[in-house]
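Below: a set of structures, written as C-alpha cells.
The two complexes that follow have chain A in common; it is paired with chain B in the first and with chain C in the second.
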Partner chain A sequence: MAAHEHEQGDSLLAHGDHRPPAVAPLSFLAPDLPDNDEAQGSASDLSSSASESDLKRLRRKSHVQVLRSERIFHLTLRLGGLFILLLFATVLGVSLVEAWPSIEKFGWSFLWTSTWNPHRHIFGAWTYLVGTFWVTGIALVFAIPIAILSALFLSDYAPKWLVGGVSTLMEMLAGIPSIVFGAFGIIFVVPLMRDHVEPYLANTLGHHFDFFAGDSMGYGILSAGLVVGIMVIPLVATVTRDSLVMIPRETVEAAYALGSTKAEMVYFVKLPAVVPGIIGSVILGFGRALGETMAVLLLIGNQASVPSSIQDVGYTISSLLANTFTYAVIDPLFSAAEIELGLILLVISLVVNTLGRELLLKLMGGRLAGSVGGG
Partner chain B sequence: MKFVTRYAGAAALAGLVAMAGVGQAQAADMSISGSSMLFPLEQVWSQAYMKSHPGTHISVASTGSGFGISNAANGNITIGASDAYLTRDLKKRYPSLVSIPVAFEDTQVIYNIPGLAKGTALRIDGPTLARIYMGKIRFWDDKGLRDLNPDATFPHSRIKVIHRADASGTTFVFTDYLAQTSKAWNDEIGRDLSPAWPIGSGYNGSDAVVAAVLATPGAIGYVGLGWINEYHLDSMALKNRDGYFVKGSVDTIRAAGKAALHDPTFPDDFNQSMVWKLHGKDVYPDANFEFWMVSTALPGSTMKEVKKLIIWSLTKGQNEKYTVKTGFAPLPFTPLKSRLNKILNHILPGNTVNIESGG
Partner chain C sequence: MAEERLPEKGLSLYRQSRNLILGGLTGLAFLVAVTPLLAIIYIAYDRGKDALSLSFITSMPSGFPVGIEGGILNGIAGSLILIVLASLLSVPVGVWAGLYLWDQGHTRLAGVTRLLSDLLLGVPSVIWGVVGFYVFSTNTGWGFHWGFSGLAAGLTLGFIMIPIVTRVTEQALRDVPRSYIEGALALGATRFQVMRDLAIPAAITGIGTGILLGVLNVLGQTAPLVFTNYYNTGIPHSLVGSNGSVGDLAMQIFIYIHEPSKALHVKAMAAALVLTVIVLLLDMGIRLLSWGSRKYARKV
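Coming up: the complex of A and B.
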C-alpha cells in the first residue's frame, strides 16, 4: 500500500510545474521534525523569491512529510479495524472461558433442559429460550404489518405536508430509550390488557382455543411482546420506506403506462420490489426484539415457565440476566450458566444476521439489484 | 499550539494521577455495597457519619447481597451488605469474612383481595402460605384459608402469586419461613435469594411488587417493613412457633431480636437464621438480621476506620430517626454486647469495644 503511494508521489514530483502544497495535508499527524519551523519559514518566502534549489529541497521535505503522515494515518485506521476484531474475540473468548464449567457439565442438554434451579445446581435454558422467542414472535407479528402499511402510506399516499412530520416522528420513536417504553407499558398497556383485551380474548377465542385463555394478569408475554413490537415498528417502517423511495421512477411510470391503477401499481410493482428491504428490516427488528431487556423485564412477569397461552407470564434470557446476574456471581456454576445463556443469545443473533444477509443477497440478485437498501 | 495542548494534556494527566494517589493514601475512604434492602439505611448513616466525622468519605451502592458478599471477600469494597447470613457454603468459600448484624428487618405478606373489607385482619400459617406459593391453593375461598379466618368472607377469585424476580434478601427471609414451616416447600424449593419459583409472576424490586399487588385483583405478595409503612399496606398476621398469630411491626421484630439474643443456643457469630426458631407471644416469626460483611484481610488502617464506623452504626446509628424511619427496627443491646465484642475482636484483635447503649 505504502509503496503504491510512493510511486504516485514520485510521478507527481516528476512534473516540474506541479507545485507541492506549502503545508502537507494531514501534517498534524506527522511527528515534529526538528527543522519544522525552518520549513515553515522558507514556505512563506516562496511567494517572493525562492531559488530553484530551495524549491527542490522543500518539495522533497514536503514529500517525506506527506508519506509519513499517510503511513501514520493508515496505521491508525488499521488499529481501529484491529480493535474491532480484538474486541469481538475478547467478548467471545472471555464468555467461553467463563461459561465453560456450565458447558462442560450440561453439554447440549443445556438447551432443552427446562429446570433452572440454582439451589440444586441444575441449569437449563429451555424456558428462557421459549420465552425469548415468544416475545420476539409476538413483537414481529404485531409490528411488521403496521410498519409496512405505514411505510406504503408515507411513500405513496400521504400528503406532502404530512410526510416530513411523520417520518421525523418515526425516527424519533426509534431513539426513545426502552425503559420509557417499559414504563408506558406498565401504566397503559398492562391495564388495557388486564381489563379489556385479555378478558375479551378469554371470553371469545379462549372458549375454543386454550392458547387464548388465561387469567388476565396484564403482565405477561402478550404485553411484553406488544411493547417490544412498538419499539420495532419505527425500525421496520423507516427501512421499508427508504427502500420504497429508492424504486426508480421509470418502473413506476411503466406500471402506469401499462394501465394499472395506483393500488395495482403499489401492490404489484412496489411491494414485490421492496421484499428484500422488508426482510432486511425484519431481521434488524428481530435482533432488536431478541435482545430487548428493560421493557421486557418490566412487563413479562419474570416467571420461569413455558407459556401455554398468550396470556401467560414468561421469562426471557436477557431479563433473567438483568435480574439475577449480580447474584449469580456468588456461585461459579450459576454464573457460568448465565453467561452460557448470554452466549446462546449472541450465537442466535449472529446466525440470524448471517442468514438474513445471505437471503437478502440472493433475493437482490434476482430483481432490482442495487436499487434496494437492506439491513 | 500543538505543543501547548500536548503539555497541557500531560499536566492534566499528571494531576489526575497525583489526585488518585492522594485518594489512596487517605485511610478514611470506605465503600459499602450490597443489599438493596439495607441501602436506604446505609445512605442516611453515611450522610450522618460523614457530617460528624469530617475527612471521612463513605460511598454507598445498592448492588445486591451476592455482589456485596463476594466483593467484600476479594477486597474490591470495604464493607459488603447482605440480607442473608453466611451459610456454611459461603463460609467455606469466603473464609476471611466476618458478619456483623447492623439492623433488623422482616418480610410481610401483602394481598389484594377483591370484595374484602379494608382493615379485615387476616391470618395465615406457614404450610398454607407454602401451598399458595406452590400453586396447590388456587382460590381465595379455599377451605384452609377460611378455617384460619372464620370471620372473613372470601370471594371465589383466583389467587395471583407475586414474587421478586431479582435475587433478594426479602425473598431469602420469606422462603426461609416457608422452608422452616412446610416440609413440601423445604424438599422441593428450599430457601434462596432467587429460588426456582413453581408458579406466579416476578417483579424487580419491592416497589414493583407493591405496585403489582395493588394493581392486580386477587394478588398475594411479600415485602419488608419499610414498604408496609411507606405505602400503608395491610399485611397478614403470621403464625409463630408458639401458635400465636403476630403481625409484623417494629415492636414484634424487636421482640424477635431480643428472643434470639437471649437464647443461649444462638451462635455468637450470629450466623444463623432467626426466622421461625424463636418462642414468645409477640415474636414475629419472619424477622431477620441485616448484616455487614467485613474481611479480616483488610489492611490495619482501613480496619480501624471500619471498626469506628461499625461501632457508630451500632450505637448512635441505631437511633429511631435512622432505623425506624427507613423501615428497620433498632437492635436491642443488652444481650448483644458481649457477643458483638467477640466478633469485633476477631476482625481487629487486641481492642475491646464499649457499646454503651442502643436506640
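Coming up: the complex of A and C.
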C-alpha cells in the first residue's frame, strides 16, 4: 500500500520536472536536463557537466542514492514473501516426491483398493478414506446443529452482560490442545460409551438397524467422532456468530416492523441471510476435523477395517500415519503408500480450506458493499 | 434493545410456543457446547489431583515404568526448548513475510503469497510431521540428517508457526493508520525509514500478539513430534543426533495415557491439566495484550 503511494509520488515528481513544450526542442542542449533519468534511477554522464551547480549535483546524488536504497528495500522485502512460496513448495514437493513410488505403481486404483498388505506390497486407501470420512461425518453431524444454535444464542439470545464473557470463554476453550481432548476421551468418554451409551443404542435402535448394533467396546468411530465434534464446535460457532452479527440492523428491524416474533425473525430473516457464512464455517470445521490426529489415534481403536456400524473400530489417515509411519520408513513402497495417503489428506484439506476462505472472504466483501449501500 | 419490549399478547399459542422453543433450544445448545469443554478441565483436575503438587512440575520422572514417580520437568523443559527453536525460525521469517505482504500487498505475487500462506494454515499436523521428517530427521536421502532430535522438531514447529506469524504481522501493520504513513512519506522519509521508525513501533504489540498466538498453536502439537522427535525422559545435552530428543508435555501425556497403568493415567491427567492451564493463561495474556493495544490505538 505504502509502496503504491510512493511510486505515484515519484512519477508525479518526474512529471513536474518536464520542461514546457516551448523549450523542449532545445532541451537536449541543456546540461541540467535529465531529471527524468534521475527518477528512473540511472545516473547519466551528464552529471559531470561543468555548468551544473554544486547544489544540483548534491540533490541529484542523494536522490539517486535514495532510489537505489528504496529498490534494495523493495527487493529485500520480496525475499520474505519468497520464504512462504518456498515453504509451500517444500510441503507439496516432499509429499509428491516421497509418495511417487506408490503413485507410479498403483495409479488411480489406489483410491478404491481396500487391501493394505505391507508383506505382499499391496496398498489401497479405501479403508482409511472411509474411516476418515466416518469420523469427520459423525463429528459434523454432532457439531453443526449445536454450533449453529450456540451461535444464535451468542448473537441474539444471551443477555448483554453475559455475551462478552461466554464468547471469550468459548474462543479460549477452542485452544485446548488435541492431546488433552484425547486423554479426556480415554478417561471419560470411552467408559461412558462402553458402559452406557453403546449398550443402550444396541438395545434400542440396534434391534432394528444393524448400523447401531455392535459389541460396545467404547473405542471406535463413535467415541472418536464425538470428541472431534466437541473440538470443532467452538470453531464453527465462532465463525457463524461472526457472520450473524454482521447482518444490518435495518434488516432485523424491518422483520420486527412486519410483526414477526423473535424466533420468526431469527429463523426467516437471520438464518437465510447467513447461509454462506454457515457453509463457510462448516467447511472450515470439516477441514479441522479431517486433519485431527492425536485424539482420533487414542480413541478410534486403530484397526484397519471398514466400519459397518457406528460402534465399530476403524482407522483414519492421520491416525495411521502418526501410529505406523516410523515403522513404515524401512520399506520404500510402504512409506510411499502412507505418504500418498497423507497427500490425499493434504489435497482435500487444501481444497476445503480454499473453498471456506473464499466463501468467507466473499461474505465479508458482500457485507462491506451492503453497509455502504445501506448508509 | 427494542425487541425485548415487544408485546407478546395477541399472538397465537403456536407462534408464542415456537418463539419460546427456539430460544430455549439455543440456550440448551450453548450449554451442550460449553459443558464438555469445562468438564475436560474439571476431569483433568479430578483424576489428576493425586499427582499434583509443586514437586510435580519441578522434578524429573523416575520409577518403572518411567514416570510412575516424579514429575514432568523434562516435558516442561523440552516444550520450552522447542518453543524457543520454533520462534527462532518463525519470528524472523514470518515477520519478514508479513512486512512484504504489507508493503507490496497489492501486487499479484503478494496475492499468491497471501493465498499460499493462508493455505499453509490449513495443512494437517501429520503432514507437517512427514515434511519435518524428510527435511530434518531422516538419515537417508536428502535433508539435514539430524535424527529424531529437538532441533528437527523445533524447526518443524517453526514451519507451522510461520504462516500464523505472517498473517498476524500483516494485519497488525495494516492497522497502523494510513495517515501516519502518508504523513511520513510526505515529509520525505524513505519507505525503509517509515517501516523502521513508524510502522514497526506502532504495530509491535500486534506483532508480539501474533508470535504468542503462534506459540499457543504449537504448544499442544503432538503429531509432528511423533515424526521428528518422539520423547525423552531426561534433558538432552545436544539437540542433534541420536541422543538429541527432548521431552515434551504433549508427547508425555500421549505416552502416559497410552500405557495400561492407572498410576500413569493419573500422571497424564495432571500433566494435561498443567498443559491446559499454561495454554489458557497464554491465551488470556494474548487477549489482554491485544485489548490493551486496541485501547491504546483508540486513544491515539
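In the analysis below, the second predicted complex is superposed on the first by the 277 of 375 C-alpha atoms of A that agree within 3 Å, B and C clash if a C-alpha of one lies under 4 Å from a C-alpha of the other, contacts with A are read in each partner's own complex, and residues count from 1 in each chain.
Criterion: a contact is a pair of C-beta atoms (placed from the backbone, for glycine too) under 8 Å apart; a residue touches a chain by one contact, two chains touch by 3 or more.
Small disclaimer: the values here were computed from a predicted structure and weren't measured.
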First, second, both or neither for A:L75, with chain B first and chain C second: neither
Partner chain(s) touched by A:F153 [first = chain B, second = chain C, both, neither]: second
Partner chain in contact with A:N117 - chain B first, chain C second, else both or neither: first
Superposed model, chain A: greater residue contact from chain B or chain C: C
First (chain B), second (chain C), both or neither touched by A:L355: neither
First (chain B), second (chain C), both or neither touched by A:G220: first
First (chain B), second (chain C), both or neither touched by A:V329: both
Which superposed partner A:L96 touches (first chain B, second chain C, both, neither): neither
Touching partner for A:L298 - first (chain B), second (chain C), both, neither: both
Touching partner for A:T261 - first (chain B), second (chain C), both, neither: second
Common ground on chain A, meaning residues reached by chain C in one complex and by chain B in the other: 186, 298, 322, 326, 329
Footprint of chain A on chain B - complex, ascending: 2, 63-67, 69-70, 90, 158, 160, 165-167, 189-190, 192-197, 199-204, 208, 211-212, 215-216
In the complex with chain B, residue positions of chain A that touch it: 28, 32, 115-119, 186, 190-191, 194, 215, 217-220, 297-298, 301-305, 313, 315, 319, 322-324, 326-330
Chain C partner contacts - residues on chain A that touch it in the complex: 1-6, 9, 66, 69-70, 73-74, 77-81, 83-85, 87-88, 90-91, 94-95, 98, 145-150, 152-154, 156-158, 166, 168-170, 172-173, 175-184, 186-188, 230, 233-234, 237, 252-253, 256, 261-267, 287, 290-291, 293-294, 298, 317-318, 321-322, 325-326, 329, 339, 342, 345-346, 349-350, 352-354, 357
Of all residues in chain C, those that touch chain A in their complex: 2-3, 6, 8, 11, 15-16, 18-23, 25-30, 32-34, 36-40, 43-44, 47, 93, 96-106, 109-110, 112-113, 115-131, 133-135, 138, 159, 162-163, 166, 174, 178, 181-182, 185, 190-192, 194-195, 199, 216, 219-223, 226-227, 230, 250, 253-254, 257-258, 265, 268-269, 272, 275-276, 279-280, 283-284, 287
